[in-house]
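Note that the chains take the letters A, B, C and D in the order they are written out, and that residue 1 is the start of every chain.
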Amino acid sequence: MSTILIIEQVLNGLQSGVMLFLMAAGLTLIFGVMGLINLAHGSLYMVGAFAAAAVAGVTGSFLLALLAALAAAAAAGVLVETLVIRRLYAADHLDQVLATFALILIFSEGTRLIFGSFPLYLDIPSWLSGPVTLPGGIQYPLYRLALIGAGLAVALALWVLIERTRIGIQIRAGENDREMIAALGVDISKLYTLVFALGAALAGLAGALVGAIQSVQVGMGEPVLILAFVTIVIGGIGSIKGAFVGAILVGLTQTLGSVFLPVLFRLFLEPATAMSLGASLANMAVYILMSLVLIFRPAGLMGARA
Amino acid sequence: MIRESYLNAALLAGLLAVPLYALVVDEPFTITLATRAAILALAAVGLNIALGWGGLVSFGHAAFFGIGGYSMGILAFHAQNFVPLDLGIMVFDGTKSMPIIWLVAVLASALAALLIGLLSLRTSGVYFIMITLAFAQMFYYFAISWARYGGEDGIPIYVRNDFPGLNTLVPIQFFGICFVALLLALWLNARLVASPFGLALNAARQVPVRVQTVGLDPTRLKLVAFVMSGAITGLAGALFADLNRFVSPSMFSWHLSGELIVLIILGGVGRLMGPVLGAVMFVALEHWLGGLTTHWHIALGAILLGVVLFARGGLIGLLCGPRGQT
Amino acid sequence: MTDNIIETRGITKSFGSLKASDDISIDLRAGEIHAIIGPNGAGKSTLIHQICGGLAPDAGQVLLGGQDVTALTTAARARKGLGRTFQISALAMEDSVLENVLLGAMGASGRPWRFWQAIMGDRSLRERAEAALERVGLMDQRHIRTSALSHGQRRQLEVAVALTLDPRAFVMDEPMAGLGAEGSKNLTGFLDGLRAQAPILLVEHDMDAVFALADRISVLVYGRIIATGSVDEIRTNADVREAYLGEEA
Amino acid sequence: MKKLLLTTALAALATGAQAEVKVGMITTLSGGGAGLGLDVRDGFLLALAQSGRDDIELVVEDDQQAPDIAVQLSDKMIQSERVDVMTGIIFSNLAMAVIPSAVNQGVVYLSPNAGPSQLAGRGCHPNYFNVAWQNDNLHEAAGAYANTAGYTNSFILAPNYPAGQDALTGYKRMYQGELAGEIYTQLGQTDYAAEIAQIRASGADSVFFFLPGGMGISFLKQYADSGVDIPVVGPAFSFDQGILQAVGAAALGVVNTAQWSKDIDIPVNQAFVESFSAEYGRLPSLYASQGFDTANLLISALEKADPSDNDAFRAALRDADFESTRGAFRFGNNQHPIQTIYAREVVQEGDVFTNRIIGVALEDHADAYAAECQMP
């Protein structure tokens, strides 16, 4: 296995990691500030992808499609927050799990009702398509590089937002002490809606960005949702930094596990068994990673509260 | 407000009467539906011990349901195909006998619950929810790629397994088996709640620190509850597999874990008959709404939302008042 | 070797740069009430947590009846005879009053692993639980849901649960908190008689109660014990007046 | 759907005729695989409508692609609806959950899509007929095509589940060259960057993949964007009418194997394509053709015998005396098709992506398991 291939796989892991971060950041923010477990976060991802595909289909513009994804997901977020979610902040986790599970059912079936059962078309814009040659002679798709760039840019923007702005102060206050926000004279319910919309928009953006290289279909958010949960649990729930570290870890584990585990097993098993066993273990790798993290650090890598 | 004990009696009587009526009017499918409700109720009774009394929100009980199912699938697979099961230390022909299958299912899922519980109980809250989910996902992916037992395709069992003295292929007889299993589990549950252990467990859920200061270890209490819970859900898995004469990785899916939680909340958390009412409602809705429109998930979602937002404590809470009132 | 029921030796605990316990050595002797007072944030709760378990000191030891229990869990210390009450009631609110004391009785019996027998049918547990209720005067309320009790009754129930354990020593965290004048007076009288059964380590803000009850008082300020002595000694101690009463005034 | 049912029922009432044959269709109408089920159902309904018969009552149910729901529906069909014939299942794992038990209870099952190997070999059954293909067929054809195209170093990949393992086995059964690599991916995987990088590094001269549904869409989009230009071969599933529009230009030029194509130039097929497009406003897919053929096979048998006469009815089905949209069609001893499988190429017609036949991959091909079947 050549160095070039390994570098390329690391890039791939990084790319899926930063996209996962977009999902995980919203999820962890919503939990950190409002204490809410939002299973419907994957539905917002799906909403973003469908909005992007619909707008790209009409206008042909990828940028407009991304804007539409952000807007649609944020709007869906605001709608859901005001109608349902805000009644759940005081409820226990059990009620939150059930209510947002119900929202998944409604979102999925509703999307099917509107868009039908066939996958939609969303493609990479021509100005981002095709491979580029990186130093060292690595051929790598430009779009995936753009995804890495976009993901890191969003991470940076989030950091600035939270550490350097007035809203960020309020959000951090919300994570630590609810009474303090009230003392700061902040309208709590507005802040909560804003945070939820922000998380939703990030999920929608991820859905649109990833939708261009995947299949835009009903149910596309569920596998990502579970991975995003694994991510924030590994990172420590409520911590944006943890979400970032967790996302990169999960992305790398998944990508590198699926490539190298079969190779590893081939050293001491016959090829067919090695391939099958390696593939199964690669499927389980992130869950094993998460269990190990929790067994040794029950509040995640960067979790403050137990 | 209705007395909870009256409601409980009416529910059980109803669950028994519907299939008997169906038998009279020759509607065997209704019996099948009632059997399904009884088995799902049994699985949820198991989960309710951990969730309702132990306060352990397990989002991975599909693991035990699936282990129960695969216990049945693997044993019956070897028996029906006449391929001995080589365990390394001993060779076993497999079996088509339900009692043996149940024993294996209960022991295997209890063992799994012990291991998962030991590790998961180091965490709490959301972390516990997620780590149990992670363990169930591991089983799911393992089952999918376990080629020997059909992987994603699962294991079809051509003829339902045997129970001494009964013809299990007759729907009403198989319903009887499942109904009795449910009654036994409910009885066990009722005794458990009134026992010293039940009192301690119930307190461990509400105020773990108090339980510690009287010299008990809440984590150990919860672990024991988790093991019992897993064992009962495992038994339900074995029965479910026999109802369908089929086992597949979907028994391990996170949707199933979610559905079991839904059943309990729908009926009422920590109520003896909550899982039964929830399962009956769920199966009825699935059948009735599913017959009306293919988009019935929207309606189901709306109903669940309604329960969470407006009927805290589930249907039993709505009918009989909040939990713990005597 | 010692007749100290509870003893701490040089307990130290820091949270970041904050020293919550700074080399604390105190003891509780048979038959006495030893009160610990100090301003808010002085580290009283931190000290109690380390004595009862749940918080491990960075350095130092906790001894119970002369035996080092620093490494033991809360539950193990309880089994060794530590009876604790909480500042904020830690009761199973959904359960009845009787069930709460039964929990204590069962903990004392050390036999929770019975899954089949009804706890209400266990005569010896029930007698022990009802005796405790009788002593604190909650017998008539025994079938009421705990959440329906008044604040004062919950404090009484806290004490009753500790009584069921028949402990070698009580550790009470602000038992008077939130009680009215009448309630405080009643509880003061009750605790006064209790010291004959087992000594009490009492953390309390209510100075009237402290001065009425305590055989000895230790003053905790910024994680340090600045003085230990009889009521009169503490009243007249210059350091205490400056550091503690001065700040309060 | 309900409306159509109602009209058939009303028609039956109007002529005073009792519905004589009851057909139960369990298929996937919701979830990720719904497109396939819809096509099978619509193809089937079209054939029923064209036959003009009003004595066939069709009950359709959605299995949600969940095995336990499929089993429950099957119990309902048999116990409550008391159907004579069942059909409709799309996915092999659901087929294995339902079919063995249904045929053992005396119901005739006509499979419009799934053909698991267990039911083709030792597990064959006189009540079970497959009107589509045995699962390995299209993969075998892809292997055969790779030989004719002169490929000698293939990179092959499929999801890590039984159908995926069968796919690779099927390809290797016919393919005679070397393997540059062999990978099992995760079921439901959406990102194939890692696999594509391995393909790029492998030095292969061709890529064979079996990734049904959304997995194929994702793979093809990412493959086209990666700049790897090694030719791709696959079974028709990832290039069918239903999903080609979602793949877009990324699929252009890819060769895939199928027993049917809309450009098979026989009158019955041209009429089918035309009437399907007119009725539903979309081009028919492979699945639609299979649904259509299944219904026509059923109707041809009903012309000859009544389902209550089980032996005669089954014999009539075995004759396969109907005009298939794919041309010549007959059953082997295991009641699976013996048929020609074509190589097709993805092309663009106007703004619609579709397939065009470029050659025959396997002529009159039977499956590899027929010999194990005990039926004569």
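One rule holds in what follows: a contact is a pair of C-beta atoms (placed from the backbone, for glycine too) under 8 Å apart; a residue touches a chain by one contact, two chains touch by 3 or more.
Per UniProt, the chains are C = Lipopolysaccharide export system ATP-binding protein LptB.
Since the structure is predicted, the reported quantities are computational estimates derived from the model, not experimental observations.
Among the remaining chains, D is positioned farthest from chain C, on the basis of C-alpha centroids. If you compare B-D with A-D, the chain pair joined by more contacting C-beta pairs is A-D.
Annotation: 48 Å between the Cα-based centres of chain A and chain C. Between chain A and chain D the centroid-to-centroid distance comes to 35 Å (mean Cα coordinates, whole Å).
Put simply, the C-alpha centre of chain B and that of chain C have 43 angstrom between them. The set of chain D residues touching two or more other chains comprises 29-30, 160, 165, 184, 186. Of all residues in chain A, those touching 2 or more other chains are 109, 112, 276, 279-280, 283, listed in ascending order. The list of touching chain pairs reads A-B, A-D, B-C, B-D. On the side of chain B, the complex with chain C involves touching residues 191-192, 194-200, 202-203, 206-207, 209-217, 221, 224, 323-326.
Residues 27-30, 32-33, 36, 141, 144-145, 147, 150-154, 156, 158-159, 171, 240, 244-246, 248, 250-251, 290, 294-295, 297 of chain B touch chain D in their complex.
Against chain B, the residues of chain C that register as touching in their complex are 52-54, 73-76, 78-79, 82-84, 86, 90-96, 99-100, 102-104, 106-108, 110-120, 122, 125, 143, 145, 161, 164-165.
By the touch criterion given at the top, residues 2, 4-5, 8-9, 12-13, 15-16, 109, 112, 117-121, 123-124, 129-131, 139, 141, 143-144, 210, 212-220, 223, 255, 258-259, 262, 271, 275-276, 279-280, 282-283 of chain A touch chain D in their complex. Residues of chain B that touch chain A in their complex: 51, 57, 59, 119-120, 122-127, 129-131, 133-135, 137-138, 141-142, 144-147, 254, 258, 261-262, 265, 269, 295-298, 300-305, 307-309, 312.
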